[in-house]
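Order as written gives the chain letters A, B, C and D; numbering starts at 1 within each chain.
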Amino acid sequence: MDTKIENQKGWLFVLPVLILVAFNAIIPLMTVVNYSVQETFGDNLFFFEGLKWFQQVLASERFHHALGRQLLFTFIILAIEIPLGVAIALAMPRKGGWVSVCLVLMALPLLIPWNVVGAMWNIFALPEIGLLGKTLNEMGIDYNYTREPFAAWITLIAMDVWHWTSLVVLLAYAGLSSIPDAYYQAAKIDGASSWAVFRYIQLPKMRHVLTIAVLLRFMDSFNIYTEPSVLTGGGPGNATTLLSIDLVKVALGQFDLGPAAAMSIIYFLIILLLSWIFYTVMTGKRGEP
Amino acid sequence: MRRFGWLVPTLYILFLLLPIYWLVSMSFKTTNEILGGLTLWPQDFTLENYRKIFTDPTWYNGYINSIIYVTINTVLSVTVALPAAYAFSRYRFIGDKHLFFWLLTNRMAPAAVFALPFFQLYSAIGLFDTHIAVALAHCLFNVPLAVWILEGFMSGVPKELDETAYVDGYGFWRFFGKIFIPTIVAGIGVTAFFCFMFSWVELLLAKTLTSVEAKPIAATMTRTASTSGYELGLLAAAGTLTLIPGAVVIYFVRNYIAKGFALGRV
Amino acid sequence: MTLELRNVSLRVGGETHIYPTTVTLVEGEFNILLGTTLAGKTTLMQLMAGLRYPTSGEIWFNGGNVTQVSVQKRNVSMVYQQFINYPNLSVFENIASPLRVARIARREIRNRVERMAELLQLTPMLGRRPSELSGGQQQRTALARALVKDADLILLDEPLVNLDYKLREELRDELPRLFEGRRCTVVYSTTEPGEALLLGGHTAAMHEGRITQFGPTAQIYRAPADLITAKVFSDPPINAVPVTKSNGAFRVEEGVSWPANGKAAALEDGPYVVGIRPHLISPVGDGREQVRIDGQVLITELSGSESVVHFEHGGHVWISQSHGIHALKVGETASFHFDADQCLYFDASGRRIGS
Amino acid sequence: MARITLDNLRHSYMANPKGPADYALKQLDVTWEDGGAYALLGPSGCGKTTLLNIISGLLRPSEGRVLFDGDDVTDEPPVARNIAQVFQFPVVYDTMTVYDNLAFPLRNRGIPERDVKARVEVIAAMTDLTEMLPKRAAGLTADGKQKISLGRGLVREDVNVIMFDEPLTVIDPHLKWQLRSKLKELHTRIQRTMIYVTHDQTEALTFADRVVVMHDGYVVQIGTPVELFERPHHTFVGHFIGSPGMNVLACQVENGKAFFDGHPVTVDNPPAGSLQGKQTEIGIRPQFVRFGDDGIPVEIAKVSDAGRYRIVDARHGQSRINLLVAEDADIPASGARVSFDAAQTRLYADGWLVE
């Protein structure tokens, strides 16, 4: 039976978290909402404009392209990082001293400030002086990410895979290590192939942790700004201008707050919607979240 | 698959270490050598970049500021998350499920979106350019994560332990401090690691909310990169130094992470 | 120290976990809560301890109403099924914990803990951590902690169920001695009828949140008030077979019939249920005037000193338990015997006749 | 279907074990006939689970050989040994339906779907899982899941042995009874070798035709439940089997006659040679001790009511003697004397039965 006890004292315990998070979340959100429905021509005179900015942003070609690039980017990195992270976690030894060494080394990329990651890859992939760039060109591959959009995309994705797959490995490994040995013994006795072991024992047991990995990776990749802006600045042209880079250009560049705020709200709602879909799909079969 | 199994993680770790090696090796090269062409190993090895960082206050203050606000944020997030995680793990109260999902959604707020409003908010309450500001701002995404991880650990401790303590006469807070927290030290370690990590690497909010007094190293570095672009060696050295605090923290919690942690309810 | 529940009930989210219960427990003896899992034993104990508050009714200790008194102030101690100890405290500190909280002088704590460790053979383990101990030793540590503070009420929630069979036997023998000469009320919950009988004292049979009957253990066993109590209080399960009484005899549908004499004779005709405990049905007749029923053997279980035979008769599966070895072959038809006056008769509503 | 032989088997979890203390399994030479129901009975930590894992191939013994029908499988992995195992905690593939769970071992061996379907339906009927087949395995209760685990073993026709590692641990007490009878019934219907590991003598004795009693890494005795009950080879077996266990009383032996504290006691296995220098004891089960006019004087310490009989705890000086008396038999208040049934009294030297 559910061992939790009905206790409204719970609210007291949750209050400090509520205040801290609400302070940082709700007030800024309200300011953005406030801007998104007003027009201003400087010296903070504001005129109520209703949903004008929202219609304008939703209709704008530029927003559709940026959103398209963002969805493509997020889809690609999820399609690579989740399976790769799980595969690496599966390949890691289950017990023994090597495990903690592997985890420490793998966690290093997660500990580097995002702009350093961008700067590092920026130089690393440069055709003449970068280790990666030069080697590729030596091997005859004409690779210059500062000029060809396709090369820029490859570099951007390689950087993100390099930067974040370790988080998926850590989470997947955590899920794997909670599987009791008896399951593996039963599988051996039933003569299950390693694929069957993965499909029917490891995957179901990891589904819970993978939900977290997918949600975390989805949210962070959809919001990504620092690394791409340092690496390619959205270029060449606007080949790699993802949603948040475009937003910052719109907001800080031309300093028209209204559209930027409206775009931010739409941006936030898209994430909320997609996260809710992921969340219910992946926890669906288990009933309550 | 088992015999070649170890090949996959080893190859992957090599792939991870390559760019880091490149960064570290550049930090010992002069800028001319870097721009001059590809050299696998620093030809004219120099410590000039590091000497510059350790002598110039605008550089080393960056590190100090970063460490200050990241530590404040980690301590604050864990302290605030502990009772909340306990409530989610032990009690059913009105709207607890929805609250948990709402906390989750705050990770979704794109930092780029909220840079400007944060600036206005923290200036309004007079906290602009202080360590507290950045520490508080980072709670937006660190506190929900802390609650998440701690709740997973706490659900592993049987409810009967609490009851035994109450029966022994412990009041709630004395039980919480003396008995309950020591049993989830592993959870606190893992949570602290993740909070430290996500706060240390964040740039946007840290840059927006500071100018001089609490300017983090990450901000100092962007200024160098964008203005001249020539001081690559210096940038590489600064980048290498940002690796160290993270490596130290993970060194301490590596066994807890290796043992795995059951991320609780999602 | 008498513990009294007056119309105590507990409703959680529309569901009733404990129906209104009124009972007075007996001091200085074992008060046993006997029932299957989810019968509400643990919940009732939590209410007694003050870990949970009743939706209605009152709880009285020694003539004082403690319903709203917090568990910390109720001078209670409790032992759980899963050997609950503080994982990062030594065995000594675990036992001393309630005394530390009560701020008792260090010297007195030391000798009370050492005396208790002596009583429960834990002296060599005092410096160790609970995780380094065996299951039995961990449970003894929990018991020591529960006894060291001389609580008025000691609650033992199925304390032996996770222990080895032989260890259980040992502790069951040891427990009564631990509580001799203590001025406290002991409440002991179990799912095993055998354990309730051996510990004696008083027993409350429980079923789905209700106490169906409370009284001296032997009396509840031999004279259950209704069919539910009889079922709760028998292992292996009691044979409960519908019969109809007509013209002076009980008859199993398409099965045997036997004359209704003694108290049963006066009953008017109609449907009843006869309850016969397996050990009262034997494959060997004992000469006295007994009812003989023939059945087809389903399985026989021989345990060295006893034989348990499942057989089918009159569309029902019956169980016979008898001393000695009776290796009946599966499928064979054998005859079994029982005394009509040792049976329990229940009316259509389940109440026992003559209770 | 295989005859299982353990030849000169010893196992230690340490790299280079020195003395016997380092051995989890000491010197085992055991043969299990094909199709028999066996039990591995012993207290926690006696090495029974180690032995189980060695037979199933999950653990490689440090010394000795494991033979299936004469050929050496010591180095064979579990899948090659064609064994099945039911674990302590239910192990089912949660995301699969019950049908797929049962079909899983057959599909892994590439058996055509038509035969799989037929086979699964037969086994589902045997284990009363037929209506549950389309349901997801995760939704079943603990005993349902254990039946699936068992079914996965029964489905394969080529299974040499099915092993149970304390399978009833997590089952609700009142359901244990049904599942145990179901296992017994299943064995009688399909004569497959089954080895049942437990510390609970009731489960072991009711399930197995022959029981292997283990203690501290040794096989102390192998025998039918009756032999274990009536002729324990070692005082440990006498004490371990039966509840309460055999009375073991120190005694003196002079020229072939046994005396307990000066009282002559006739034993059914008088010693051939002299037992000088050996610690001699007599063993008598409580069932075979009776009150009488002559015999050993005792005081009654305690009488506990076990329902179908009463256990009398009598004392003679420091020695404790248990007796079982019928429910309604009368117990002398004072000056009681007890006598032993000579045919059931055994003499032991240094713990071992005098042959």
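In this text, a residue touches a chain if its C-beta (ideal position, glycine included) is under 8 Å from a C-beta of that chain, and two chains touch if they have at least 3 such contacts.
Note that the structure is predicted; figures quoted are calculated from it, not measured.
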{"item": "Contact-linked chain groups that survive once chain D is dropped from view", "value": "one piece"}
{"item": "Set of chains whose contacts include both chain D and chain B", "value": "A, C"}
{"item": "Pair joined by more contacting C-beta pairs (A-B or B-C)", "value": "A-B"}
{"item": "Computed distance of Cα centres, chain B from chain A, in Å", "value": "16"}
{"item": "Chain A-chain C separation of Cα centroids, rounded to whole Å", "value": "57"}
{"item": "Separation of mean Cα positions, chain D and chain C [Å, integer]", "value": "26"}
{"item": "Residues of chain A touching at least two other chains", "value": "5-6"}
{"item": "Touching pairs among all chains present in the structure", "value": "A-B, A-C, A-D, B-C, C-D"}
{"item": "Chain C-touching residues of chain B, taken from the complex the two chains share", "value": "158, 160-161, 163-171, 174, 179, 182-183"}
{"item": "Of all residues in chain D, those that touch chain A in their complex", "value": "56, 58, 77-79, 83-85, 87-89, 91, 93-96, 104-105, 108-109, 149, 152"}
{"item": "Parts of chain A lying in touch with chain C, wherever the complex brings them together", "value": "1, 5-6"}
{"item": "Interface residues, chain A side, partner chain B - complex", "value": "2-14, 16-18, 20-21, 23-25, 27-29, 31-32, 84, 87-88, 91-93, 98-100, 102-116, 119-121, 123-124, 128-132, 134, 162, 165-166, 170-171, 173-178, 194, 208-209, 211-212, 215-216, 219-220, 222-223, 225-226, 230, 243-245, 247-248, 251, 257, 264, 267-268, 271-272, 275, 279, 282-283, 288-289"}
{"item": "Residue ranges of chain C in contact with chain A within the complex", "value": "12-13, 38, 52"}
